[in-house]
Amino acid sequence: MSDIPVSKAFADTERETEADRFGMWIFLATEAMLFGAILLGYFILRLKYHDAFAAGSSQLSLPLATANTAILLTSSFAMAIGAETARSGALRCAHRALWATALLGAAFLAVKAYEYHDDWDKGLLPALGVFHYTGPNAGEMALFLNFYLASTALHATHLLIGILMVAFLALPSRLPTPRRARRIESVGLYWHFVDIVWVFLFPLLYLVQR
Amino acid sequence: MSGIALHPLSASTAAPGFDLLFLALLGFSTIVGLALLSMIIIWGVRYRKGSLADRSAPQSENNLLEFATIGVLFAVAFGLFGWGAWLFLGRDHVPAGAIHIAGTAKQWMWQFEHDNGEKELNVLHVPVNRPVVVDLVSQDVIHSMFVPAFRVKQDVVPGLTTRLWFEATQTGSFDLFCAQYCGTQHSEMRGQIVVMSEADFGKWLSTRATGKTLAQQGADLFRSLGCSGCHDNSPTIRAPDLRGVYGHPVALASRTTVLADDQYLRDSILQPQKQIAAGYDPIMPSFDGLIAPDDLEKLVAYLESLSPAATSGGQP
Amino acid sequence: MTVAAPDRSTYFAEGAGLRSWLLTTDHKRVAWLYLVSLTFFFFIGGAAATLMRIELVTPQGDLLTDDAYNRLFTIHGIVMVWFFLVPSIPATLGNFLLPLMLGAKDVAFPRLNLASWYVFVFGSLFTLYAIIAGGVDTGWTFYAPLSTVYANGHVSMAAAGVFIVGFSTIMTGINFIVTTHKLRAPGQTWFRLPIFVWTLYATSLVMVLATPVLAATLLLIVLDRLFGIGIFDPAKGGDPLLFQNLFWFYSHPAVYIMILPGMGVVSEVIPCFARRPLFGYKLVAYSSIGIAVFGFLVWGHHMFVSGQSTYAGVVFSFLSFCVAIPSAIKVFNWAMTLRKGQISFETPMLYALGFVGLFAMGGFAGLFLAALGIDVDLHDTYFVIAHFHYIMVGGMVTAYMAGLHFWWPKLTGRLYSEILGKIAAGLAFLGFNLTFFPQFVLGWLGMPRRYHTYPPEFQVWNVLSSAGAVVLALAYLLPLCYLGWSLFRGARAPGNPWGATGLEWRTTSPPPEDNFAIPPVVTGPPYAYAPDVTE
């Protein structure tokens, strides 16, 4: 199976694979800084308004979010299988794993959409104009709910991009297997990162004082 | 005040300390800068291509020299850091016997209120040789109170109360600038700090030597702009009586109730159609563009004075 | 790759049509795409500045309305910072030279490289449209709540455009880091790399780590403005100082993105024209990384009077003095490189020496501002403007000119008129100082920033500054003319017209598409210059 480097800069694919992997890790570092900055803002305001943020957190749907956490962790497992089987050449198995990953990601988004709909009905989305809470510290709770919407929407956007990439990789392709395996591995790293972001968001948003 | 400015005025207790450190930094920069310039020029000439200077035993590395030079330079520099930090810490220590001023910044003017309730717009009268503390709030965006002659500056941040203090050492009138970009008329958000002798200041404060209080000036405007034509028991037009309005709830035609605060009063003058009082026709004309911002403040001050139960003073 | 006869064709010969340029993955052509775009934006930003300086000739606001002036300084800041300074040397000279200096055929991700240019063009034109069509008058610093609640105009669009351009920066950074790690020639250990590579590497580290924070901040601004999420709005419980902390956490490292590559250029030019190895090479390499690291620790020095705690101010002031140390090491070493050399004063060297002096002056001004007690008076005055223009224009743009003139033969295969080059360099030095030195005086006298009307006693200094701006504008138009002319009529350049070391000089001018006919091998340290005792 011939496998030549994509970029003429590289003499062999081994070097290029290292470069691809390294590049993806650096990209993930930039994503960590992006989410880190937003979470930092969240932290500062949470320290200031702890009670209002705790009250806001208790309004969110913990069951739905727990379900989503399980779905996303499973999808990462599927993705890992996909990357490993692709590397060892078992392409059919890899395909199935990739489709499973994409489907589980889509399931996450579906549950999230349902959750947003539920939040809308309960009046928990002040940024979009619906806010029914009339208790104390309403303004600060609105701040919490806005953060919730902004950060989960940003995460969902990243997840959607991931799903599209995974689905694209699962399509039939004429690329040589090693090159496909490399791409799957890179996308896999991205997928795991998006999962880790959720692992941070979940307790920070849903588990305040539970 | 025209002519050419060649050096800033030095009119506060903080200014000499600042000027001394500035001079020290200038001296440090000049000496090191000249040394650097000499290296470049002297070697540039001596070692120009084709010259007969001695080029034996050149060095491309000398860590000892490097660390020694940088070390000495930065020992001095860190001394300057310490000095600057020490001056800065002085901002937190207000001397005893200070008079208090409540300062409000808004787009695009300054309002200062003295202890006795006296308000000034874009001018602040203070006595010489007495510490003055200004507590600063903003009604909208971030502004910054800057008086170059006193070497003081403090950002005014909405949602916070910040503080600035100074002690003037000369009488006279000194420029006040807004030093944080705050929108369209940032360049025009200026004023004067007028420093008077203790005696003159006392006289000024008690008799308001500049003329009428804000509320009195507002009363004049109320008549000259025609407000009293409708609001003061007019036989032909039915308009709400404005006595006792400020600080109390107002029933609106939209079947809600609103508290008549500063903003309500201003909106009623500039956008009267926004909130119609219940039981009245929406026929009041808008004065948007017809009243200067400081005249608007005087009208508001007058209207506030018509409610003796309410406290004076603007929104936080 | 089999060894063949040396390839005589250059990278220009591989295609001349528009498609061959717009769909290229050759790093050398991508560099040219950037060069053209950046030159365009430089003159847009310059035009805005020219109009501002004309207005400032008189104390009254008689040429422009308040809003027009505010929009102009916003355009000037956004365009110059994000669409010129940040990409300038890395995307043009860096793109062209990094693979050559490493002995490689291209960067690690050539298609990503081209994509970064498209993202840049899309984002920057989008922002330009937003600014011109609707006007943005928040300043390039977008302070909240002015930008989120009170400002009119296309703030969200402009912020979105800058957000997009940020991706271009990140892509370039990733490309450069991976290229430097994975594509060095045989024998090229880290301490045999030219300083230009070290500074590009340090710049790229800052690019990838700081830019995402800007992205997050701009995103929050747009969300606050469009949906009222309230994070920076005190009326809703938000914190305006949070914006400043997030913004400056990016924007201070950003200034090191802007200056580090310039330091790299100067580190190549001075040894070449002094015919001496760079003095203290290892320390200069370490200090490049040091600047990148320390640059992340000092952002609070933009906020000494903002309402930030006094204690925080003391810490940031201390760290700001520390960050001056690696820069001082470099300046000292550049000067020491001249000693016992065989110095000649071609155009690149004139610009490089100008850099050393002007950067040093800007650096001293930085010490003034880092000193807490002094900053209280000088913050947000023309002193700050003078400081950063000495660094960015006197430093960075001068270094860009130095690099452009130094590597012009390599990029184009042509030589430019040396006389015109020297005249432009001298004119730039004079025009620059006339423009910006009076601004130090103005700041000391108390003239605030972003003012288009001012007390009449400040006028004479403003007039001097505006006169200088005219000279400076001429000085920057001149190279546009004679460099452009040289593309068609310049003398052909040999492979190594300056007798410089560095792998890029071991190939033809301009290089062939694959850069080297025979891939080079590195056997010794960089800057292997030795002075000739007799010439």
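Going by the order they are written in, the chains are A, B and C; count residues from 1 in each one.
Simple rule for what comes next: a residue touches a chain if its C-beta (ideal position, glycine included) is under 8 Å from a C-beta of that chain, and two chains touch if they have at least 3 such contacts.
The structure displayed is predicted, hence computed values, not measured ones.
Viewed as a network of touching protein chains, the structure reduces to a simple linear path.
When each chain is reduced to the average of its Cα atoms, B sits farthest from chain A. Rounded to a whole number, the gap between the C-alpha centres of chain A and chain B is 47 angstrom.
Chain B and chain C have Cα centroids lying 35 Å from one another.
The set of chain A residues touching two or more other chains is empty. The multi-chain contact residues of chain C, meaning those touching 2 or more other chains, are 238-239. Chain B meets chain C in the complex at residues 1-5, 7-8, 17-18, 21-22, 25, 28-29, 32-33, 36-37, 39-40, 43-44, 47-50, 53-56, 58-63, 66, 69-70, 73-74, 77-78, 80-81, 83-92, 107, 140-142, 144, 146, 148-149, 151-155, 157-160, 162, 175, 177-188.
Listing the residues of chain C that touch chain A in their complex gives 1, 99, 104-111, 170, 173-175, 177-179, 181-183, 208-213, 215-217, 219-220, 223, 227-231, 236-239, 242, 246, 249, 514. Chain A meets chain C in the complex at residues 7-11, 15-16, 18-19, 22-23, 26-27, 29-38, 40-41, 44-45, 48-49, 126-128, 139-140, 142-143, 146-147, 149-150, 154. Only residues 61, 66-67, 69-70, 137-139, 141, 143, 145-146, 149-151, 234-235, 238-241, 274-283, 304-307, 310, 313-314, 317-318, 321, 324-325, 328-329, 331-333, 335-336, 338-345, 353, 356-357, 360-361, 364-365, 367-368, 370-377, 379-381, 444-446, 448-461, 527, 531, 533, 535 of chain C touch chain B when the two sit together in their complex.
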